[in-house]
Amino acid sequence: MANKDKVFDVIMAISDIIEEKKLYLTQLDAAIGDGDHGLNMAKGFGAAREKLESGSFQTPSDILKAVGMALISKVGGAAGPLYGTAFLNASKVVAGKEEIGLADFTAMLESALDGVKSRGKAVRGEKTMVDALEPALDALKAALDEGTAPEEALNRAVKAAEEGVAFTKTIRATKGRASYLGDRSIGHEDPGAMSSYVILKTIAETCSR
Amino acid sequence: MANKDKVFDVIMAISDIIEEKKLYLTQLDAAIGDGDHGLNMAKGFGAAREKLESGSFQTPSDILKAVGMALISKVGGAAGPLYGTAFLNASKVVAGKEEIGLADFTAMLESALDGVKSRGKAVRGEKTMVDALEPALDALKAALDEGTAPEEALNRAVKAAEEGVAFTKTIRATKGRASYLGDRSIGHEDPGAMSSYVILKTIAETCSR
Amino acid sequence: MKKVINNPNNVVDELLQGMVLAHPDHIRRLEGFEVLVRKNSPIEGKVALVSGGGSGHEPSHGGFVGTGMLDGAVAGAVFTSPTPDQVYEAVKAVAGPKGVLLIVKNYTGDIMNFEMAKEMAEADDIKVDYVVVNDDVAVENSTWTTGRRGIAGTVLVHKITGAKAETGAELPEVKRVAEKVIANVRSMGLALTPCIVPAAGKPNFTLAENEMEVGMGIHGEPGTHREALKTADEMVDHLVGKILEDLDYTGGEVVVLVNGLASTPLMELYIVNKRVHEILASKGIKVYKSLVGEFMTSLEMAGFSVTLLKLDEELKELFDAPADTPAFKSL
Amino acid sequence: MKKVINNPNNVVDELLQGMVLAHPDHIRRLEGFEVLVRKNSPIEGKVALVSGGGSGHEPSHGGFVGTGMLDGAVAGAVFTSPTPDQVYEAVKAVAGPKGVLLIVKNYTGDIMNFEMAKEMAEADDIKVDYVVVNDDVAVENSTWTTGRRGIAGTVLVHKITGAKAETGAELPEVKRVAEKVIANVRSMGLALTPCIVPAAGKPNFTLAENEMEVGMGIHGEPGTHREALKTADEMVDHLVGKILEDLDYTGGEVVVLVNGLASTPLMELYIVNKRVHEILASKGIKVYKSLVGEFMTSLEMAGFSVTLLKLDEELKELFDAPADTPAFKSL
């Protein structure tokens, strides 16, 4: 599914798409948060890109670790530690491996999600990125059990994340800044769920190329 | 020309017209000053009205003194001491008199103008109220010399003041706040000259009734 | 966007440079970091206090670094909590044997980043503990939310905890005092205009000419509701009413903090203060001291918050202790 | 008009009430007048300093009443100089045998009203003298105009003259120091947005979204010209350039005062301060002390001014003397 070069390409593609969606994500955050999610993500993946372009990395795990560290040390806010932890955890799962398969990716996403949930003390249904990531993980696991081909499995995960984003629009936030709004948060998609969906989609598309 | 009751009426009429022109005078001041001349004048003549309505006064001089004191103690800014001094000086000129004739009025205006000029260290041509008051005084003096009837004499004075206001539009301010503008003050009428014209016009109209 | 800046992406760095140039007797910057510490850090024999958060709230927090208040302040990007490694550097620079207390405002991002910094510092065997300020009663204190936000009351935590640390008390004692302040401080604010994050270039939200946002956060987060502009007295009645509903101040003495968000002039803040005093007098609540000014701002937002801190003898004495920082001096 | 007020015609009275409630240890109000004096006025053995002017410039001037600065401050209507009888009351309340020095900003109205008050007080055999502050280099110092306006530099006159008066010096000595400060202080500002006099209800002027008014007065008086918004550095370069053209600061030491007009956040004022220091460093002018904040505001106007005071040993020592007022404390 993905070797070191593919992982590198994935991060570059994420960096591109996040830059492109910067204002969109920021607008989503402006509605129910403080209007910086796109700026934060662009800063973090900009820093990740710089780090990858200026260093040399031996394994997928090394790359993911560098990304996680960049996110933690350059972003701040909620997204920095959450996504940073997610990438660090994913990195650990495939430590030493040259090639990532679908089972690996599933394990990575599981560990990433665990990291987000424990760092953010969040569970599904609180209108956060968890609402995109957890359905995606569930879909992946099911696909893996069914022996679905990687491309199709990833597509199902992306679809599940997309539905998760849509679901966040219908619920009240109970974690993060949006929780301060109470019922006024209903009717808006969660920006972090949206960025998670965008990232998963980019991973799927890049890996299927 | 005017006894105590007439003088009372004149002040009430000035108070009315100033209230009516409050925003207009303020707008003129906004263009080249700090945008408060109408507010200042309305405050002062409002206070004068209250004082006159609540007290009882024996002579024209008493009334004018009360007005002068009200202007000095309620207005502040440039207009307060200048108009206050003008009314106080006018009051002194007719101390003890029951009836004011044209010659008296001319002497009153002369003393009022002297007060303004010495308090403000201003001369004609500096884009201040002096540019309305001094032409008016000159016209009055000329009319007095010619033996013109009071009504006509006052009308000429008002006309001269009006021309004086128009003249202020063509010159650069060298006194008061507008002087800070340098050449940018050209093209705007001086608010204080305008209020002086309005006051003279009200005096003439009320005395001719 | 009418701002006096050079480059939207460089405002925090230039701000910190400008602060150090203005206050060289009080503060210095940690080379290469967005961190201000006391000029002579680490100070011997005391617990060090470190606070911080997103920038755009000046003078918070760098303006409160100095004798009797903070030892270090970490400046994140505008409205974005600082990263763990910045906080970690601040902790390392000010830490002595008595350890470090982190004063964190209750935002998910701040808590996660400061917690990670604490983990990093503990790995270096530095004693670190933290408190979370959550004074904003606009947010319902339900177990179903992240809890209340930390806003202007944080400055009173800095002041009083700073005075305690200055006595040489141990970390648990200093933390106890911080938590006592937090337990007794409540705030609420409202905004008349939005503000513009420099890098975003446009306001988060818009308000009509006659509208205000009640319960507004200090990052432009929406408040409890919008309504038509009211008189100053009506605004204050609402905010103080909410505060008094939340905590029983009956018969007590308080510090009043009237905090300007930025564009609201001092004249208006004093008009607010007058009403706060009137309300408290009518309820028999005694005002011990008042602070009126800009302590926890929100870029160029117009609006204000009111904070009431309920005092006991210990807090009074610590409140009155001397302080000498760029933005807060008390003799 | 988005203001936190109750009644546009009552703002000054409510402001003064709010100030006295906030600072009862420093100031009291003269019953029935718009005058704040030191709590224990008249203070024995010193020349008393009285300043004042239109309101809307808070903390000027009432915020500077206290030890080491003013004895009394007279608050006129918004942007309108106070009347003679108000100033006269202030003078009577603070005057002792050493007399009173009036510190007047150079506006026709202020000068006339303060002069009349002086005449009234002299009729009571009170020793009174006055100085006129005219620090604004935006206005050309031509004999054909009223001369320069007095703006933020006035606060430095309060500080240093206040310190001199505190030594017990006689009136001519105190006046000499005030005049030395005036001779050595220069300022210039610019505005990004207009402000609204409460009683007027709308702005004096409008500025386009990308425009600023350079050389703006503190009452919304037009400045020298309008131009497109620039970077902070370019703005500062222009203002400081004008100041340095006007007075020879070469080789000297200065106090820098970066003054916010109200809506410009502290963050931006520090960015301004950074550039001021850079320029001065490049010219070999040494900065002795810096003040960054709001000292002489202009209702809710956005913008700032820069003030440079050239020092000698006497001024340095007096600048460093302690002061304890609501808005300026120096230890």
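A, B, C and D are the chain letters, set down in written order, and residue numbers restart from 1 in every chain.
The definition used in the following text is that a contact is a pair of C-beta atoms (placed from the backbone, for glycine too) under 8 Å apart; a residue touches a chain by one contact, two chains touch by 3 or more.
Predicted model only: the values in this text are computed from it and were never measured.
Visitor: In the chain contact graph, what is the shortest path length, in steps, from subunit B to subunit D?
Guide: Steps on the shortest route: 1.
Visitor: Moving only from a chain to one it touches, give the least number of moves from subunit A to subunit C.
Guide: 1
Visitor: Would you mind pulling out the distance in Å between where the CA atoms of subunit B average out and where those of subunit C do?
Guide: 55
Visitor: Could you please state the distance in Å, as a whole number, between where the Cα atoms of subunit C are centred and where those of subunit D are centred?
Guide: 29
Visitor: Centroid of subunit A to centroid of subunit B, CA atoms only: how many Å?
Guide: The mean C-alpha positions of subunit A and subunit B differ by 76 Å.
Visitor: Any chance you could list the residues of subunit C touching two or more other chains?
Guide: none
Visitor: Looking at which chains touch which, would you call it a line, ring, star, complete or other?
Guide: Looks like a simple chain-to-chain line, open at both ends.
Visitor: So which chains end up touching which?
Guide: A-C, B-D, C-D
Visitor: Which bits of subunit B are touching subunit D when the two form their complex?
Guide: 26, 30, 32-36, 39-40, 43, 72-82, 119-120, 174-177, 179-182, 184
Visitor: Which part of subunit C faces subunit D closely enough to touch in the complex?
Guide: Those in contact with subunit D are residues 2-7, 11, 14-19, 21-23, 55-56, 58-59, 63, 192-193, 209, 212, 229, 231-233, 235, 256, 258, 262-274, 277, 287, 290-292, 294, 297, 299-300, 302-304, 324, 329-331.
Visitor: Going by the contact rule at the top, pick out the subunit C residues touching subunit A in the complex.
Guide: 54, 76-86, 107-109, 112-113, 116, 138-140, 144-146, 149, 197, 199-200, 204-205, 217, 219-222, 224
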